[in-house]
């Protein structure tokens, strides 16, 4: 069997249900693959791991992937199961933010570590300063939960529809006492979880074949997960070595993720790709239009 | 006149892990003003303990002890005595001058008084010129003299000295012995002096207390009839040798090799 | 016969931060086999330094020094001497027995030889029964005797002893002095002995070396004509007192208060 | 009894303050919750109990932490991924391996330093500087770098533990191996002992108290190292990962439970070194 | 052989290794003569140094050889690809010469042939520079990905470019979090120690707990502190306070007991008051212990503040930059921050150590030479 290592972008959770299910249900075995799935975390940069040879394939957000490519890690997108963004910014009513025009002078929580690009692209588009100057917003490096909102340390915080937003709902927040800025609905979404490999590995047809089988099995995993959310949530909890994943929450997450993933077609959507590239160039995060940052050989081979 | 020290059936027992140690037992002793009393005896016989009890650093477990007619604690609070420990116990972060100043600062002497007394006592022990040195820059003998200066700096009438010259060679010792005698004559202080040396005890004292260990007790009190004026060569006179012999006999009686040393 | 120690214009200067210290200057001395030589002199006159130079623990800066006709370094490598330091320097993690065994282990004696020698030397210094005690369980005097046993355990013909009895009281000292004399007579060792005590020096020695400081030098070498057999009360004889007086004069000449102590 | 009573008093005091603080710190959120549920006029003792029973409190009450620990250890099979004993074991093995590496390295460096002047002069300042490098910052990169050369799992964590724990050992052992006085060294010189004999018969035994003092600090620091390493290496679990995931999911009770297990582990480890010390002391005849 | 006898066996061995490797390297570079002329020259000179066996060879020549080797190597580093195999010999030879130089310098200082001040400080510098050269040559010569470990030159370049950011981060972390946290933590530890010391009951109760706490992984409270005290510097200072408090408490309590019985008895004979005894005897005697804690804490404080910044900060601070820098693969900036942290930490430690020398000048460990 071909051995491949997959580095996830975050801790084991239903955000990665497709891969975990594919592994648990033996879909990878069926494709004669031996997959090792490595959990990530707030201090693990998948781009660095793959550059160091610690992984063959990584799950990361496109903005981070392209930024890494610009710094000299030649990442190539081979598939894009997530079609839409799950990123939102939410502001409780107490913050008195109801529209973008209310932002100046407010404190906004943002995740860094490669997750910050969509926010800055949005602010860039709105012309709101983020460098602490007058008339701009104050940015906080937000922890990965909703505490800053509960405690009133930030006026608005970043959430993922499938994770922190659920925590907010659990804590008694809801559409009635929140203003929600959904990046997808605003047309500000940048591509999120995609699969990336190193460019030179694509020169090897055997590798390309292995990637193709990997993507095929993974998509089968996604399809299965979306059809059987309970079982998928159980598999996620079962796969979590840290024992921190909670079944209810994972079930919620599978449900939300299903709204973002297209289990039938992992091909890259070029319109969103172009928007992502443009946003990065506008912010000068990357210097120029990237060449060869994606390939369709894998997705083309699927059919 | 009330005696300076009056011990009556004084006893002191240290409870320790392997049983009680009787450091002092049934000690009866009276020291009058102006006496120069030497304590001599084998190691562990309670000399230091007795001095410490006078100084209210140990509490007697039986009998009574009065200093100037009052309880040792009150005498201590009256700053009735100066104590010279067996080790110099100078504070290494203070210069010699500042070490001598320590009791004066504590007792609230004015800066001018302090300066005057420091100068006088350092002169007395021959340490002028070393005011600004730190203790570790001085030899052991110089340190010991500085600690004597410190005890003399405030005018306590009673001086408790625990083997102050133990670390010094014979010549220096002779010199300091005669200086001490002169000081005692001039100031009429009362002095309690612990020593291991028989000639020293005999040379200095008006009264020699011989002690013996296990339990610590007084075995002999020898009144010396030597004149107050004592040139160094008095030590070759028959009177001197006779007292020395009596002290030596008393000491030897309290000794037995196997257990002590 | 080659002398055991032969020093010729020996000098030793320590360079220090505030200038050179001349610890030994122009020392000329010959010590024959079987001599008992005492070194006496005020603090800092170089007694310890001289012993350490013999032992190859310090390097002379001028002149020559031969031990048994060879360089001190070679003598040390031949294990020509046993050294008793001013402090006992016992290793606290070794029992008395193991402390005495230390040189034997290093010199590669067999277990049986070690056991035999330990027993013999501990007997000699009256410490039988304390083999398995640790140093802190012994009094200062017992510790000092253990360190003497350690120096005697291997049969060096030369014994260097630096104030071995400094910490002991007079009675114990008397006892050990006569034991040491007996040992010396029996084994015919050569002994170099540093002391502060005039009676001790006179009582023990065949030769007394009087030293004086700044610069450290030998001011007098007194050959003693006392008989080899010396009861303790020899110390009251006129011959004894006469030698003692000469030593005292020699000492006093090298002394001056202001600078030394 | 004389020693237990004061400690107990202080402990009781701490717990009392803790409960009070839990009420105070959790009150604002409880008020929001009650307000939302239209609960008014909640009597104080009910309110207090509410603040001690929140799901994600700012400060969990002591009994919440204790029950989390109980549920995570005794009430679970030890092999379960949710078992705190399991995670504790993972952290412990990294700690012990790192401690062994660190002590070994520390002793070796100390030996080099005392025997070679050039090592002393060139190494010491850098050893101190090494500890001013924020290892937490280097750890993630180190984990990736070691991964690149094929080292994964326990070893990277142990190396980070080592990095922190060798320091007290070097410092202590340099002091300890230099602690023999001149006269004790001179004694061996008079026997013409070689440097091997000087080391084993004098320097090493003299350094024992320093070694144990350093090891007590070192083992506690090793544990910190293992936890820090786990913050950058979530694969495989461990108490650090529990801390991290607790923080990521806002599970405060989980954070506190992991913290307490770590604390208990540290205490046990330090106590173990302490008893090893006493055993060695007894063999070396140290005064009780 | 007589000249070689002036060297220790280690020095002789290093000289032979350096010279031998250079000779070997020279032979290996004959086929490609001229491709890296500086390295070839270095090899030749290194081989010539074997002459030390038959003639005097100054230690300064060894120093020059080491420097020349380092310069030649760095000049020969390829822009792409890896260093030719035989050039690695130059690295080992240069290392041997620099080590030899350090050894001989040390010997010369010890024997009084060179002044202690000045030259003494050079030795650790040479050692550090050697490490940097090795780092540079290995990362660039072996083509290590800059995303994993950038060469020092790249870090230095980034440092020079980003002084503005680095300064702002330094102010946020060091000036705003570390310094106040350190002062409060150490101050509180000292005061509590004095308070606890007055009551035997308190002491018996607090000390075991304090000992226990000082062994705990206090770093773990960082997320909690961020939760309690917010994102800004206050939560970082709180972590620093918690980390520095217990070492100071434990050390000070031990230090207050450091005055010997006889020194206390002396105070008793003067009927000195509690405060007089504290100020004139016990605090000065505790000085070395207090400074010990101050030194330990100086390294702990910075680490604590940086960890705390991993759990939420405003968008400035060394910990923020480090954690987000890794995410953005700005690894050279991360190392520049690490360099700032190491420099600041070492300087902090150095200042405390200097203070210690001044204040506890009387203590044998200070009097007796190097600390």
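A few notes on this one:
We just call them A, B, C, D and E in the order they show up, numbering each chain from 1.
Convention: a contact is a pair of C-beta atoms (placed from the backbone, for glycine too) under 8 Å apart; a residue touches a chain by one contact, two chains touch by 3 or more.
Labels paired with UniProt names: B, C = NitT/TauT family transport system ATP-binding protein; D, E = NitT/TauT family transport system permease protein.
Owing to the predicted nature of the structure, the values given are computational and were not obtained by experimental measurement.
Shared contact partners of chain C and chain D, listed by label: none present. Of all the chains, the one whose CA centre sits at the greatest distance from that of chain C is A. Two chains share more touching C-beta pairs than any other pair, namely D-E. Note: the chain lying farthest from chain E is B, by mean C-alpha position. Note: centroid distance chain C to chain E, computed from Cα atoms, is 48 Å. If you average the CA atoms of chain B and of chain D, the two centres end up 53 Å from each other. Averaged C-alpha coordinates put the centre of chain A at 86 Å from the centre of chain B.
Listed for chain D are residues 58, 140-141, 144-145, 148, 231, 246-247, each touching two or more other chains. Among the residues of chain A, those touching two or more other chains are numbered 42-43, 45, 48, 52, 143, 147, 151. Chains touching one another form the pairs A-D, A-E, B-C, B-E, C-D, D-E. If you check the complex, the residues on chain C that touch chain B are 42-44, 126, 139-142, 145, 168-172, 175, 196-198, 236, 241, 251-252, 255, 257-258, 260-261. Taken in their complex, chain B has these residues touching chain E: 52, 55-57, 76-79, 81-83, 85, 87, 89, 91-93, 102-103, 105-107, 134, 136.
Interface residues of chain E, counted against chain B in their complex, comprise 260, 262-263, 265-272, 276, 280-281, 284-285, 287, 360-364, 367. Contacts from chain D toward chain E in the complex involve residues 2-3, 5-11, 14, 25, 58-59, 116-118, 121-126, 128-129, 131-138, 140-141, 144-145, 148, 216-217, 220, 223-224, 227-228, 231, 243, 246-247, 252, 255-256, 258-259, 262-263, 266-267, 270. The residues of chain A lying in touch with chain E in their complex are 42-43, 45, 47-48, 51-52, 64, 67-68, 71-73, 110, 112-116, 138-143, 147-148, 151, 153-154.
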